[in-house]
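Structures for review follow.
In what comes next, subunit A is part of two complexes: it sits with subunit B in the first one and with subunit C in the second one.
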Partner chain A sequence: MWMLITRRILAAILTISFLSLFVFSFLYLVPGDPAERILQARMNGELPSSRETVGVLKHDMGLDVPSYVLYLKWTEGVLHGDLGYSYITRRPAATILYESLQATAELVFVSISIVVIFGLSLGMLAAWKEDSRIDNLLSYLAILGVSIPSYVIAFVSILVFAVGLHILPVAGRSGMQSMLMPAVSLSIGGLAMLMRMTRYDMLAEMRQDYVLAAKAKGLSEARIFIKHIFRNSLPPLITYIGLELGGLFSGAVIIENVFAWPGIGRLLVDSVQSGDVPMVQACVLLIGVIFICINIIVDILYTYIDPRIKPEGIL
Partner chain B sequence: MRSRIFKVLKEKAHDNKKIIMGFTIIAIMVFIALFAPLIAPHNPESIDLTNRVAAPTQEYPLGTDHLGRCQMSMLVFGLRISLVIAATILFVRVILGATLGLIAGYFGGSLDQLISRIIDFELVFPDMVLALVLVGTLGPGLPNLMLALSIVGWSKYARIIRSTVISVKEKGFIESARALGVSETYIMQRHILPNSITPLIPVMTLGLGGLLLSVSGLSFIGLGVEPGTPELGMMIKSGFEVFPSHPQLVLVPSLMIIACVTGFTLLGDGLSDLFDPRKSSSFIASCL
Partner chain C sequence: MNYKGLWDGSPQLSKIASRNVMLVQLVLALFLGSLLVGVCAGEDSVLKMASPWEPKSLDPVVYSLNIEIAEPLLSVDSEGKLSPKLAKSWDVSEDGLTWTFHLRDDVKFHDGTPFTADAAKASLERTFRKSAEYSSVKTFPIESVKAADKYTLIITTSRPFAPLAGYLSKDATDILAASSLNDKDEVIKPVGTGPFKFDSWVPKESMTAVRFDDYWGTKAKMEKVIFQCVPEEKTRESMLRAGDADIIGTLSPALSLKLAKDPDFTIYTQKEMGRVRHILFNTNKQPLDDVRVRKAISMAVDRDLICKSLLEGVDETAAAPFSPDLYWANKNLEMPSFDPEKAKALLEEASWTDTDNDGIREKDGKKLEIALFTYTSRPELPSIAEALKDQLGKVGIKIKITILDNSAVMEQAKGGKVDMYLVSINALLNRDPDTWASYFTPASYYYDCMNYAPEDVVSLIQKGRETMDTEKRKEIYDQLQEKILEDAPVAYLTYYSGISATRSNVHGYELSLIGEHHLENVYKE
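Now for the complex of A and B:
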């Protein structure tokens, strides 16, 4: 177990270094001198007007060096929590990121709870009542749920609950009420997918021999269903829930823009649109690290639930 | 190979409701897209500020938007453009994924190790975030959008091809071909590739639906096609400016997207049941 965890963490460090290289290369993808961009970020977004001053400053700060040295310096800064300064607001990127992360984390937490609670229970219901009317209805609803863009659910719910019935606020972040529509719109797709998967996996598990053996032993249907079938179909579902947690972060990019939710997704789009490179780098780095952490946790949980599995891979 | 696929389809498709429904929806959509210039009553880009957000009339079957453009024509051309964009990106992804998967699976060894690591790295990141960042760095606009979405999202195709290639290359007929002195490239082109394509078909169908969602989503947040282009996501975005006073401008293009994606999901779902009914659910989940 500890072997596995150590290996996972080492692998994650490797992936994070990959990621940091990728993020650092953004500086080279946008027009202009990368060293000047770093300088600009350190100088609160403004470069001195004279070329000589820029040159002297670059030399003083040790920025007139080859790109790999620049990368190492940048990494050192990141490790000390220095993500540079936003070009637009001129505040430290780390601070802005922290504020946005709170808003997104709230939204994602509520959404993943909706996904897990309803996805698993509806999936179990469909598997329990296989080929009944309710199973058929749920399976078509699931296909629809996967195919509806989250923002369409958002529009319809705004029309009904905010404009029509006046019971929920149209947008913004002010308490639980404002959370309801964004969280539901964000979770429908994942919910539908998890429901389908739960049904599939449980049906596959029901056809196993041990189920027959358990029945022959005289265990009750419900007990077999929950204690054996459900438990054994959990590992792939947990992997999916982990992936979906990541998916919610990217789904939040769109939903946060519809509801003016002040989270990372909105920050990322705004920064991308205004060419605020340090902010974009900070957002991508953070989202990447979150993803990698989720992956490690999922893998460890996976072996915990099903000790037969020895996962291989680097992430 | 192709004849075998069609034979299976003919035998089994008629009692698979999902395939029939999905196929019908897609056939209608493709028909509309192909004959868009004949179906659309007006030029989708002609602006008439004297006739803004008009109710449906005989001349404008779905009314007009906030710039007086014919909603019906925009919808028809929008469908065409969205489908073309999604199909092109899918094509590039499949080519990229299949090539890398083929190389990794066929040659194995350290080349396989390297490619598999890249696949793992790509799989961890959601396509949407990567694409968003690439579009952000390269700048908004259709070419950059297509480029960004093409270089992400290929890893699932690579992974499928890689695993099928590994199982196919151990088959007897490959051994025989090699014994006959056939060149490696010829074996790959002629024997391995055709035998590895089948499992891709349902994934591609589901992937096309997913791409329609990504393209329209990116356009909707302003990082896709240029404003004014009749593309479904862009129509929703411009409708959003007069939302919620004129909800039809947002809801009609949304319904079009939902119909299309539902069609592809139904078809893809049905096809994957058909090709391999015992397929694990996580496989299907990774497709969208």
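Now for the complex of A and C:
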């Protein structure tokens, strides 16, 4: 187990270094001068007026050195636990990241809970009542849920619940009510998919011989359903939930913009647009670390749920 | 994983009727209903405002606070001329090196300390020190800031520099009390002199301010103001409709038209001082090195049509840098008007003729093709570029549009690849016509796009910077505007108006010339 985790973490470090190098070079390879973009962002989108100011800024910010030197400096900082300062606001990148991460983590946590609770239970219900009316209804809904883009759900729910019924705030982050619409819009797609996969996996398990054996042993149907069928269909579902968790972080970009949710997705988009390299690097680093942690946790859960899977087998 | 047949047993899509959308809503409603905790209620003494503006920092030097917490020494009047604010009056010495500001003696900071010349000195010194990193201030010839007595502030410069005063009306020069800062010279809490007192800030989210009861001017009517940062326009609209916001800022012309039809809302439109959309011409490259071609282009553009169709009739057409209602506008200029026939004649005169009848003019076997660049951070520009392409096509000019990030365009310009650059620039950004004039100097950021800095223009610009008397300066800038109109290194197209909307129970709101939301007189019914 520890071997697995160590190897995973080593691989993760390599992945993140490549990722950060890629993002860094991307920001420097796009045509145009980063200093000009930063100046524009600092001036609230206004274009600079004299060349002198661009030169002054470049020098003041230490941007007048080759880009690989900048990258090495940044890496050195990160290794010392220093993510640098935002070019635009001059606040520490780590502080800004922390503020945004809290908001996103809240949103993603509630969303994934909705996905897991409703996805699994409705999927089980559909499998239990295969081909019944309720199963058909859930199929309809699953197709809709998967095919309607999250921002459509977001805007429709704003119109209905905030503008029409006045029971929820339109946007912002002020307590539980303000969380509902963003979390639900974010989770509908994943929920529908998970529901469908749960149904599929469980139906496949139901046709296994051991189910018949268990029935022959006289176990109750509910017990077989939960204890055996459900448990055996879990591993692929957990993989999916892990992937979905990562997907929620990226899906949050759109939802955070619609609902003015001050999270990491919005921060990343803002920073890329304004050429705020230290902020982009910090966001990418963080998202990379989150993804890798999720993967490691999924792998560990795997071996826990299904002891037949050996850790070595995964790598 | 093999999920072949994952959707087997699902009803066919063709059977899914629109009523099923309602089913989704029903399920959503169940989720939401079960989790619902309470209902939010609005209060009459709290004003909620949503705009895409994001408070990125509490330091006005870094980022405009956009809320009336702190005030600078000067302000601008309805004509865009400088007017008193924290300074009652100001004068400049004969040699133009010493500026004396006579400060108000009835002003208190939010922490109760009096506003004095010493406080102003400390704050301004910090501004000059800090803004060096951020803006053109580093190139200002400021020598010293002194407090002559309790209410007299003196700024000396190493050479006469008239644009200084305009800068002292900008947010970056807001006067903050010493208690705003921590020991690292960072603003931890902006303590100013404005009608509203800073209360709290949640980065990327909101800023809250409360009424300052000891304000020197008209005291605010609302007790509390909450600014929310909402990047998505559609969401801002919904907030207004739902009553989650009383005022929403930075709207598109299309949305303002839509809201104007609804009696529940009031629309406020205000031309932003100095902002003008225009084309920069590369004056040292064929075909635009010929002033007749540049003028022909200016005449071939139907500005009215652009304003009416693309900009929904909200913005006004422009032929000069400053709109006629501004002090700095030269009202005696004869502006170019839409005249495609005259444009064609001018092109013929410059021997650009369509010899092969393909609709594009030629000269010495070269087609009249022009590379037009623009950028997207102002979303209306690419569609204006399309309109220009269409309109110029009608007089036989072929336009090739390239849309890039501004800094990428500038790189292309250095390689001489930019013939025309469509921009939206605030020509009075530093509240002084020198902002506009300095585009026509070799130090200009746009020099590579225009290659236009004739000696007589540059010396006029220099003279403008060194002349202290406002009326004499006005004459200089009048002359410059005439010269620019004659040489046509730029073609002005339209001005820009900021648009806000309020719920109709909100009164007393004012969107200022410089894009500030004046909330001190706002009250709700």
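Everything that follows uses one rule, which is that the second predicted complex is superposed on the first by the 260 of 315 C-alpha atoms of A that agree within 3 Å, B and C clash if a C-alpha of one lies under 4 Å from a C-alpha of the other, contacts with A are read in each partner's own complex, and residues count from 1 in each chain.
We adopt the following convention: a residue touches a chain if its C-beta (ideal position, glycine included) is under 8 Å from a C-beta of that chain, and two chains touch if they have at least 3 such contacts.
Because the structure is predicted, anything quoted here is derived from the model rather than measured.
> Of the two partners subunit B and subunit C, which one touches more residues belonging to subunit A?
The partner with more contacted residues on subunit A is C.
> Touch test for A:Gln177: subunit B only (first), subunit C only (second), both, or neither?
So A:Gln177 only meets subunit C here.
> Check the residue A:Asn257 against both partner chains and state whether it touches subunit B (first), subunit C (second), both, or neither.
both
> Of the two partner chains, subunit B (first) and subunit C (second), which one does A:Ile292 touch, if any: first, second, both, or neither?
Once the two structures are laid over each other on A, A:Ile292 reaches subunit B alone.
> Once chain A of both complexes is superposed, is A:Thr15 in touch with subunit B (first), subunit C (second), both, or neither?
first
> For A:Gly246, decide between first (touching subunit B), second (touching subunit C), both and neither.
first
> Based on the superposed arrangement, let me know which partner A:Asp131 touches: subunit B (first), subunit C (second), both, or neither?
Second partner only.
> One more residue to check, A:Arg196. First (subunit B), second (subunit C), both or neither?
A:Arg196 sits against subunit B and subunit C alike.
> Scan A:Thr53 for contacts with subunit B and subunit C and give back first, second, both or neither.
In the superposition, A:Thr53 touches subunit C alone.
> Counting only touches as set out at the top, which of subunit B and subunit C does A:Val163 meet: first, second, both, neither?
Both partners.
> Once the complexes are superposed, what residues of subunit A are shared between the subunit B interface and the subunit C interface?
Subunit A residues touching both partners: 30, 143-144, 148, 155-156, 158-159, 162-163, 170, 196-197, 200, 236, 239, 257-258, 273.
> Once bound in the complex, which stretches of subunit B touch subunit A?
Touching subunit A: residues 18, 117, 120-121, 123-129, 132-133, 135-138, 140, 209, 213, 216-217, 220-223, 236, 240, 243-244, 247, 250-251, 254, 257-258, 261-262, 264-266, 269, 278, 280-282, 284-285, 288 of subunit B.
> Please name which positions on subunit A make contact with subunit B in the complex.
Result: residues 15, 18, 26, 29-30, 143-144, 146-149, 151-152, 155-156, 158-159, 162-163, 170, 193, 196-197, 200-201, 204, 236, 239-240, 243, 246-247, 249-251, 253-254, 257-258, 268-269, 271-273, 280, 284, 287-288, 291-292, 295, 313-315 of subunit A touch subunit B.
> If you look only at subunit A, which of its residues touch subunit C in the complex?
30-34, 36-37, 40, 42-54, 56-57, 60-61, 88-91, 96, 99-100, 103, 114, 118, 130-131, 135-137, 139-145, 148, 153, 155-163, 166-177, 180-181, 184, 188, 196-197, 200, 236, 239, 257-260, 262, 266-267, 270, 273
> Mind pulling up the subunit C residues that touch subunit A in the complex?
1, 3, 5-7, 9-11, 13, 16, 20-21, 23-25, 27-29, 31-32, 35-40, 50, 53-54, 56-57, 62-64, 132-136, 138-139, 202-206, 228-232, 234-235, 238-239, 241-245, 377-378, 404-412, 423, 425-426, 429-430, 435, 438-439, 443-445, 447
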